[in-house]
Structures are given as C-alpha cells and as structure tokens.
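So, here come the structures, one by one.
Next come two complexes built around subunit A: one with subunit B, the other with subunit C.
Entry: the complex of A and B
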C-alpha cells in the first residue's frame, strides 16, 4: 500500500467516523494486523477508546479480526474497503435507479450502519418513507419495504454477513476468545422468513420520540439479558451491501455506454441484453460471459425495439468485427455464438482513459505520439518522429516529456555486449498496466488533496457558516411561531451582503470539490477494475 | 576511459548528442537540484466537470451522507475539543450526543471477547480492599500472617506457581461474582454504556498488568 492510499484512507475515516477511529484505523493500515494492546500502546490512545474505535470499524466491515497462533486476537484493516467509502453515493444512486426510493433508502441505511438485521433495516426505511409521505397522511407498509429488500438480495446486491459459529448446545465450554465467522455459500442469499406486519411510524413530538427510544432500549436490553427469549425472529442475521455486485453493474454500464458512443443506440441495446442474460450465469471476475447464440439473444431482446432477426445478425457480426473486440464470436452453432470479452473491454476502457489523460495534460500532439506507440507497441525514436508527422525536434521534446512522466518506457537493446549507445536500439513502448497504476495513485492523491482543500475552505469560513446556521434556525423558529414579514426581513439582514457573497462562493467551491471527488472516483473505478482483472490469473 | 581524455563538458558523452535533439553549439540545460514546484504551471486548462441531473443528485447524496455520518453513533469525536467560548447551545449538543451514543449497542456475539467492556475489574478492586484490610488488622493472628507470607514467598519463586495462584484467584473471583451478581444486575439497569468508558481508566494498575501478561 502506498502513502497516497494511506493518506486518503485516513482522511476518509476522519471525515466519517471521527478522529479517534482515524487514528486507530490509520495505524492498523500502516502496520498490518496488530493485537489490541499494541494498538493502544503505539497510538497512545486509552484502551477503552481503542476498543470503541475497533468496534466501529468492525461494524462497518473495515476491520476484521483473527485469532493468532499464540492465542491473542489480531485486528487487520482493509484499505480497499475504506476507499469504497468514496463510492457510497454511487451505490446509493444505483440502488435508486434500479429499485426506486425504497431501494435507495435500504442501501443507504445499510451503508450508514455497516451491517443491519433485516427487521431493523425494514423498520427504519419504512419509518423514513412514512415521514416523507407526511402530506398525504399515508404510511409505508412494512411488507412493501421487505419485498424490495428481498429483491435486492435475490439480485445479490445485498448479502448475508458471515455468522459466528454457534457453540454446540448444552456444552459448558467457555466462550471462545474470538468468535469464528463463517460464510455459508448456501445461506448467503437466502432471506429468513419474516412476517413483518405494520406500518412505518411517524415521529410526532420530542416526547413521543423519547418514549420510542426508551422502549427500543428496553427491548434491546431484554434481548441481551435473555438470548433464549428472542424478540426478533432474525436476530443475529446481519446483511451488508455487496460492493462486488455493484461494481459488476458499474462495469456493465461502462461497457454499454462505450458501445453506445462508438457505434449506436441499437448495438448498445443488444450488448445490454447480452449482459443481462449472462448476469446470473457469469461470475463477477470472469474474463468473458457465457456464449450466447443469436437465437437466444433475439428472444430476449426487449419488445420495444423492433429489430428483425436479420438486422440483429448484421449488428452482431459488425460488433464482432469491430477492432474494439468488446464482442467476440466463439462458435457458429445456433446461428452464431457470441461472448462479451469483459477483461478486454476493461483494458480498452483503461487505455482510453490513459489516452485522454495524456491529451488533456500534454496536448493532442503528445496524445498522437502516445497512441502511435500504443498501437505499434515498440518504436525507435526516429520512427516516432516519422510516423507522428510532427517536426523532429518537437517530437523528441514530447517523447522525452512523456518518458520523464513515466507514461512511456524505454527499452535498450544493445547490438554489441559493450552497451555502446551508438550500437544500441532504443525502443519506446507503453506499458498500460504500470501506467494505469501510476495514474491510479495520482487519482488517490488528487482525491486526498480535494478533501484537504474542502476542509480548509470550510475551516476558513467556520465563523460565517455558524452564523448563517444560527440565523436560519432563528428564522425557522420565528416562522413557526408566526412572526411578521418585517421581523423576518430584519433578521435576514443580519447577514451582510459581502457575507452573503462569501457564503455563496464557499458553497460553490465546496460543491465543485465534492463533484470532482465523485467524478475522480469514476476514473478510479475503471483503473482499479482493470488492474484487478489483469493481475488475477 | 577515452571520454575523460577529451576534456570536460559536452565531449564527455559517449554518444552523438545530436540524436537527442541538441544541435552543435547548443547549451545543455542546467541540471536541476531542487524539487519540482508544489503548484506547477499547467499548459492546458482542466476540462470542466460533467454536469447533469445524475451528477447533481450524487453530489447531494454525498453531502447528505457526510452530514448523516457525523450524527451517527459511530462517529467518535475527540474529547479534547474545547470551544473558545462556551455557548449555551453546547449543553444541548452534548446531551444529544450522549443520547446518540446510547443508541448503539454492538452485537457482542460477533466481536472478540476482549472488546466487551468487563465488569470484573471493578469487582477486583473491591476484593483487594477486602483482603488488604484483614491482612493489616491480623497482627494478632500470627499464624495466619505467617501462612500468607509463606504463600507470597512461594509465589515469587516460580512462574508456574503464580499461574496456579492466579487460577485460584480466578476461581475465587468466579465465586464472588456469583455472590455479587445481583449487584451487577442493578448496575446494568441503571446505565450500561456509561461503564463502557470507565474500565479503561483502571487499566495500568499493577495487578491488572500481571493478569494480562499471563493470558498472552
């Protein structure tokens, strides 16, 4: 793990879980797995705080624990999962587009809480939805929410957390030092039978609220005291968001939109159909989808598109002949068998990302040289100058610039064993994998810088922000009591015009930084998935 | 090497300098001996960000998520944050924070045993006092004292025996726990989580240290 990654992880932890969790988390990230006492010692944090921080990290699936051979428990942080925090908005948004508001809230609650039991998640979501439906006085039914939950599980967007190994009943053996968490493949996507009847409750007043909380606490305590008397049928069965499945969805969307941009809407629709058909049969890290015959594809095409079989066959052969090689022909039976080359597609997307980065940073001429080397694989300096049709001096300049940025590599091939420069070939090449890694690290650094900048901006204007919040609160409370328009105006004027301008500028800047963070993450996603597919055997 | 005999400067290269783009008579660029600037000039302006409904919604989601996370019980703020001016509203804020903290009770079945705040230590402190006081007063009972001293001396001799002794202690403790069970239950009813923060303070006392080392 690199410094850039650790820095970004630390910033993300600090922003979402506070300083202490950040301190503990960053320490385990840096040092690898560690026992409790050592963490407390090395970070100089009191033991109870370390425990609390570890509880939070484990709850959010960012840290796992393991019993070491010598009998103590070691805690290990997963930097890849910490970095996923950056992608939470994307997951939530995807859930919204696929399963509506209910799906959005379910995924959001799961992400906010790390893991939850189905009953608590359904209740919480139903309550939240009911609150938004205040106007029409309706309430959200638990059954409706839980059916969405089941659909999310069926499509593998949510899966069951590994459960602790149950001690054999009746055995008087002492509880183990650390529970062993096991995933059973069979149960991973099975939903416990729950009969959830009822409707979401609305919070009416603060008194009511307190009662609710108190009763909730009481039920929790009861549950804790007497495990045999379980208050909820699905107690102990926790669910978490399956990021891999979301990534598969993102990848499919990226492939579809790439096809739509390169060719046209209809071919992207065909590819979409193919991907949907193989969604369940293909594992998320397979190199290509299961072969599909053109007849099968024809039958599964959405009815809205009036594509005849003949047109479909033409499109398929066009897609298969395309130099992008997103779609490959794997056989001729059944009217032609077709696969989607997922790894190839990711590699193409990654190299396209690299090309556009070179273009935007170094200009179109540099990008031309870069693409040229990418296509011809190895070129001598003289050949680059000739093929790129750029004046020799400029071409050299650009080539060296790319070389010094490590986007282009140089390979020496000596003709004689003495490595004399005059008798050596110098071949320029592009290594997509290592350049992608370089770019990925730079992306992590970029996001870390963006977060730092955002924190700086908000810190600079802290006083102003507090003031505006206070004034907003006063106005809200006065409106509630029915104050006059003139009074409201008067209070509003407590923020002067320059202050208002400053606030607006701050808001604009923060928005822009946040949007950039989201969009850099899209690049990070493409590069990460390409690197992970090309390094795995 | 022949290069040194040719003199200094450009002639020191063993290859034709024109191959890398310097014509005859050009000055070589000066060698750089300092880090590149923190904010280098960019030749090209960055591309504007994507704008659209999707992006706007994700932006809103991101900011909302960040705000909500800060109000979740998982957010542990540093305690050292002392405000320059104590505000009246601060009192309410801390109250609200307390309420939030009590909302989350981790599922101890899924966590290592050492994560769970233990009550034992509290009891042990009480126990120590109990044993100490009679020891101090038992001047009259010489026999007992001698016995105790003997025990102590034995314990120091070998580690094995200390372990044994600790086992005994544990047993005693277990017994005592059974006695003090009602007391503990009462405590739990009052406020479970408040004790969560307390046990750490006692960490570092001599007797505790001994115990912990034995378990490792």
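Entry: the complex of A and C
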C-alpha cells in the first residue's frame, strides 16, 4: 500500500469515526495483521479504547480478524474497504434513483451502521420518513419499507452478513477464541419471513414541559427495555450493503454513458437493455455478458422506444461494427447474437481517462502524440514527428514531458553490443496499466488534499460557525415559545452582514470541494475497475 | 514465334549490347526504353532486360530516374569531361556523390526497375535525389575531414555538385550532383518552406478538414433517416476532403491526396475522426487499388475526467505538496483561486 492510500484512509477514518479509530485503523493498515495487545502498545492507546475502536471497524466491515498460527487473534484492516467510504454518497444517490427515498434511506442507514437487522433498519427508515412527511398525522407504513428492502435484496444491492455457526445442540464446547463466520450461498439473498405491521413514529416535539419530558423519557426507556426483551424474529440476521453490486451498476452506467456520448441516445438505451438483461446471468467480473439474441433484446426494449425490429438490427450491427468494440457479435442464430465486452470497455474507458489527463494537462498536441503512440505501440521520435505533424523541437519537448510524468515509456534497443547512442533505437511506448496505477495514486492524493482543504476552511471559520449555530438554536427555541417577530429579528442581526457573507462563501466552498471529491472518485472508480480486471487471471 | 524463344546466343547478346551502347553514344543525355524499342523493334523485352542488366553490372551504363521513366546513359560520358583537371581524390568524392544520387536504381533488379519506371512517371520532370551527408562521404572515401571539405568546396565552385539543407536536421547538409533536385526526404514536401516546418499551416488544414467532416456528420444526424443511412452519410472519402480543401484555396502549394490523408491521420490521433477502408470499384473517384478510405467525425466517449476538474489534477508542484510543508493544501493558491472562481 502506498503512502497516498494510507494518508487518504486515515483522513477518511478520522472524519467518519474520530481520532481513536483513526489511530488504531491507520496503525493496522500500515503494519498488516496485529494482535490486540500489540496494537495497544504500539499506538499507546488503552486496551479498552482499542477494543472499542476495533468493534467500530469490524462493525463497518473495515477490519477482519482471524486466528493466527500461534493461537491469538489478529486483526487486519482492508484499505480497499476504507477507501469505499469515499463512495458512500454515490451508493446512496444510486439507491435513490433506483428505489426512491425509501431505498435511499435504507442504504444510508446500512452504510451509517455497517450492519443492521432488517427489522431495525425498516423501523428506523419508517420513522425517518414519517418525520419528513407533512404534520397531518400521516405515517410511513412498515410494510412499504419492507417491500423496498426486499427488492434491494432481490436485486442483490444488499446481502446478508456472514453469521457464526450455530453451536451443535447440547455440546458444551467452550466458545471458540474467534468465532468463525460463514455465509451460505443459499441464504445470502433470502429475506426472513417478517410480518412488520405498524407505522413510523414521530419523535415528540420539544415543546413538552420539563416534567412531562422526564416522565416521557422514563416511559420510553421502559418501553425500550420491554422492546429489546421480546426478541425480534430476525434477531441475529444482519444485512450489509453489497458494494460489488453497486460497482457493477456504476460500471454499466459508465458504459452506457460512453455509448450515449459517442453514438446516440437510442444506441445507449439498447445497451442499457442488454446490460439489464445480463445483470443476473453474468457474474460481476466476467469479461463479457452472456450472448443475447436480437429477438430477445427486441422483446425487452422498454416501451416508449418505438423502434421496429428492423431498425433495432441496424443499431445492433452499427454497435457491433463500431471501432469502440463495446458490443460484439457472437453468433448468427436468433437474428444475431450479441455480447457486451465488459473488460474491453473498461480498458477503453481507462485509456480515455489517461488521454483526457494528457489533454487537460499538456494540451491537445500532446494528446495527439499520446494517442499516436498508443495506437502504433512503438515509435521513434522521428516517427512521432512525422505522424503527428508536430515540429521536431515541440515533439521532443512533449515526449520528455510525458516521459517525466511516466505517461510514456522509453525503451532502448541497441544495434551493437556497445550500446552506443548513435547505434541505438529509442522507442516510445504507452503502458496503460502502469500509467493507470500512477494516475490512481495521484487521485488518492488529490482527494486527500481536497479533504485537508475542506477541514482547513471549516477550521478557519470555526468561531463563526459556532456562533451561527448558537444563534440558530436560540432562534429555534424562541420560535417554539412564540416570541415576537421583532425579537427574532434582533437576534438574527447578531450576525453581521459581512459575517453572513463569509458563512455563505464557506458553505459554497465546502460544497464545491465535496462535489470535487465525488468527481475524483469517479476517476478512481474507472481506474480501479480497469486495474482489477486486467490483473486478475 | 518459336525462333525467338530459342535461348539467346552469346554472340547475339554481344550484338545487342553493342547496339545499345551505340545508341547511348548518339544520345549522350541518355536513352529510354522507348528509344531502344524503336531502334530494335524485334528485340524481346526479356532479352533487352538481360542485356541492360549486363551492361549495368559491367559498369558501362548508368541508370537514372527521370520524369518520363528510366534513363540509360553511358557511364562517365558527361562527367569525365567535366572532371578534367581533377585529381583522383576529387574523382573519388564525385563518384561517391554520384552513386548516392541514383542508389535506388543501380542496385535493384532490372525487371523490378521496369515496374518502378511505370509508377515513377509522377515524379516530375527533374531527377530527384536524397543526396549524401558529408559524414557518409568521409566513411566511404576514408579521406580526412579537412581534405574532404576542401574537395567539396572545389566541386561546388565548379558547379558539379551542390549542397542542400535537409529538413531532417537543421545543421545537416547533404550533397548531390548539380543537376539533380532534392527529393522529399530533404525538402520535407508540402509541409516545409525553406526547411522550416509549417506548423501553423498544418494546424489550419487540420481544423478545416475537421470542420468539413463535422458539418457532414451533423447534417447526417439531422436528416433523421434510418441509423444505417445516418452513419453512412456521415462518411467522406479522402478525395472529397481533398477537393474541399483545394476549393477552399487556403494552400499556396499544391496538395496531393496523400498530403490530405496525412492531415486526416493527425485528426485520427486527435481522437476526433475515425477511418474505415472499403472496397471500391476500380475507377471510382478517390479509390486507390480498389480501396477507398472513408473518414468521419466522432464524439469523444467521456468528458474531461473527474480529477482534471480539480486544481490538483493540473498542479505543477503536486509532488512537493503536503500538509505542513512549504506548499500545502491549506495554503494553496491554486485552490483559493479555484474556489473563488
């Protein structure tokens, strides 16, 4: 793992779980597997704090444990999972577009809590939805939330966490040092039968009298205890977000939008249909989808795209003939069989990403040279000048720039054993894989920089932020007690106009940086996906 | 016909060779195949080839490329006269330069050369040469550099040879016989004027070609035909592009279709254009060897990628930037500027 990755992981852990978790997490990331005591020693953190931190990390699937050969439990952190924290907003947003507000909240809750039972998740979401509804007494039905939950499971966006083995009946074996967690393939996507009846509850508004409040609290607590005593039917069955499935969806979106950009809307809609049909039949890391016949595709096209079979066939053969090669022809039966070349598409997207980097950083002439070398594989400087039609001096400059940024490589092929420069070929080449890896590191560092800057912006304005929060709180409580308009205004004016401006600017900046973090993550996603497909055997 | 097929007698061969040499003497500027054919109408082409090959290998004849085809000339018929008063070293250097001038033809098999002669008609009226570099003259002659420079100056002043600046390297001079013209490898062709690469000219052409293809692609998209027709009508052949550029009149020099294809290639490397080759009926406008190159403008598949929309993506001091350092995200001016924008 590189320094950039560790740095970013540490920033993410700190932001989401606080300092201690960051200290513990970053330490295990750097050192690899470690037993509890060593972690405590090395980080100078009390044992119970380390334990708590590890609990948090395990709960969020960022750390796993395992029995070492010497008999103690070792903890290992997974940097790839930590880095996914960056992608949480994207997961949540996707759930919203696919399954509405309910889906959004379910995924959000699961991500915030790491793992949850279905019943708690459904209740929580129903409560939250009820709160946002108009105050006319309407409430969200549990049943409705459950059914969205089930749909998310059915489409594999959520899956069941591995569970400890049931101890064999009667045997009084001592509990194992480290529980072994197992997933049964069969149960991974089966939802327990739950009949959840009821509606979301609104939190009591805060205008209750103090006395009332206290008694309320008490009854609540009592109720809570009663609640937790009656075990829920799905106790012990926990669920988590299936990030792989989301990634598959992101990949599909990337392919679809590439087609839409290069060709047109209808072509991309056809590809979308093909990808949707393949979702269940094709494993997420397959090189290409299962073959689909043109007839099948025709039947599955969404209504509203009024295109005839004949026109569909034309689109399909244009897609298959395009040099992009995202769609391939795999046979002639059933009106032609077609596949989507997923790995090829990712490779193309990765190289387009690199091209875009060269274009933005070094200009279009440099991008021309880069693409030229990419196409021709190996070229001498003179050939680069001739093909790209760039003056010799400029070409030389650009090649050296690309070389120093590791975007191209230079290979020496001596004609004679003495390696004399005058009798040596100097060949430039592009290695997409290694350049992608380097760019990925640059992305990690960029996100870390953005986070640092965001923290800095908020820190700079800390006093102001606190002041405005205080004032808002005062106003809220005054409004609740029915203060007069004039009074409210007076309080509001405690924040001066320039202060208000500053707050606005801060808000804008933070939003802007946030948005950029997500944009960089898009680049990261493409590069990571490409690298993982091209390095797996 | 049977008698002609009989194997060529040595005596006959000598006879033919003599006739050819005689012809060359009559026409000291050189003779073409056509001349030999007119003078010896009964001579079989194969026999002619054998005879010429022998004369070439014996060093009696010189083979030159010219605008109208190949030219045979008596060796030294011209130069020996001019070389009067030169010493052996000077002759040697002249010989090396002369050889370099027609190195294409002199070593190629004759039958192949006959083929070349048909193709090379487009070469223009003057004899072209790639010339020879002074360092190569030194290698071949084994004379000291100072000596060679003196000889070259001498020969230049006698107008027997000339020096031409090559586009390949600005300081590289090549030498060739005085009556030869530098070929494309020396002048660089349409893209060079006075050894300078006309970068702006190339870019203007690049833009104009793209504009042409883009307009065509837009029109194809707007005509709302079936997808197949839309795609097909977005293509333009290199001939069409060439015609458009010629009619535009932006070029002072005459551009060939090859020149335009070179420009179109740069558009392919720009990622803006795609090319396909289709089979075309012989004689279709713009087809070469039964093939036609078709070009069309295409859109990029992605927008500028995420990281390039942040200041760090473009940052020149990226590697020196770390929190707590001289340059850091907190004090970064690029960030401040970007946030204010």
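One rule holds for everything that comes next: the second predicted complex is superposed on the first by the 509 of 537 C-alpha atoms of A that agree within 3 Å, B and C clash if a C-alpha of one lies under 4 Å from a C-alpha of the other, contacts with A are read in each partner's own complex, and residues count from 1 in each chain.
In this text, a contact is a pair of C-beta atoms (placed from the backbone, for glycine too) under 8 Å apart; a residue touches a chain by one contact, two chains touch by 3 or more.
Note that the structure is a prediction, hence the values are computed from the model and not measured.
S.K.: Of the two partner chains, subunit B (first) and subunit C (second), which one does A:262 touch, if any: first, second, both, or neither?
M.R.: second
S.K.: Touching A:15, do we find subunit B (first), subunit C (second), both, or neither?
M.R.: first
S.K.: Given the touch rule stated above, what does A:512 touch, subunit B (first), subunit C (second), both, or neither?
M.R.: It touches subunit B and subunit C both.
S.K.: Is A:453 touching anything from subunit B or subunit C once the two structures are fitted on A? First, second, both or neither.
M.R.: A:453: touches subunit C, not subunit B.
S.K.: For A:318, is the partner it touches subunit B (first), subunit C (second), both, or none of the two (neither)?
M.R.: second
S.K.: Figure out whether A:329 sits in contact with subunit B (first) or subunit C (second), or with both, or with neither.
M.R.: Neither subunit B nor subunit C is touched by A:329.
S.K.: Quick one: classify A:401 as touching subunit B (first), subunit C (second), both or neither.
M.R.: neither
S.K.: Identify the partner contact of A:65: answer first if only subunit B is touched, second if only subunit C is, both if each is, neither if none is.
M.R.: First partner only, subunit B.
S.K.: Applying the touch criterion given at the start, work out whether A:361 contacts subunit B, subunit C, both or neither, answering first, second, both or neither.
M.R.: both
S.K.: Take the contacts of subunit A with subunit B and those with subunit C, and give the residues found in both.
M.R.: 360-361, 392, 512, 516, 518-519
S.K.: Show me the residue ranges of subunit B that touch subunit A in the complex, using the header's touch definition.
M.R.: 14-16, 19-21, 42-44, 46-47, 49-50, 54-55, 57-59, 61-63, 65-66, 68-70, 72, 74-78, 99, 102-103, 105-107, 109-115, 117, 188, 192, 196-201, 203, 212, 215-216
S.K.: For the complex, give me every residue of subunit A touching subunit B.
M.R.: 15-21, 36-37, 46-49, 51-56, 58-60, 65, 70-73, 88-90, 92-93, 96, 108, 111-114, 164, 175-179, 181, 213, 216-217, 220-221, 224, 236, 238, 360-363, 381, 392-393, 396-397, 400, 420-422, 511-512, 514-519
S.K.: Which residues of subunit C touch subunit A in their complex?
M.R.: For this pair, the touching residues of subunit C are 168, 191, 197, 199, 202, 206, 221, 226-228, 231, 262-263, 265-266, 268-271, 274, 298-310, 312-314, 318, 321, 323, 328-330, 332, 335, 339.
S.K.: Report the residues of subunit A in contact with subunit C in the complex, numbered from low to high.
M.R.: 257-259, 261-262, 264, 266-267, 311, 314-315, 317-318, 323-324, 348-349, 352-353, 355-357, 359-361, 364, 367-369, 371-372, 375, 382, 387-392, 394, 439, 442-443, 445-446, 449-450, 452-453, 456, 508-509, 512-513, 516, 518-524, 526
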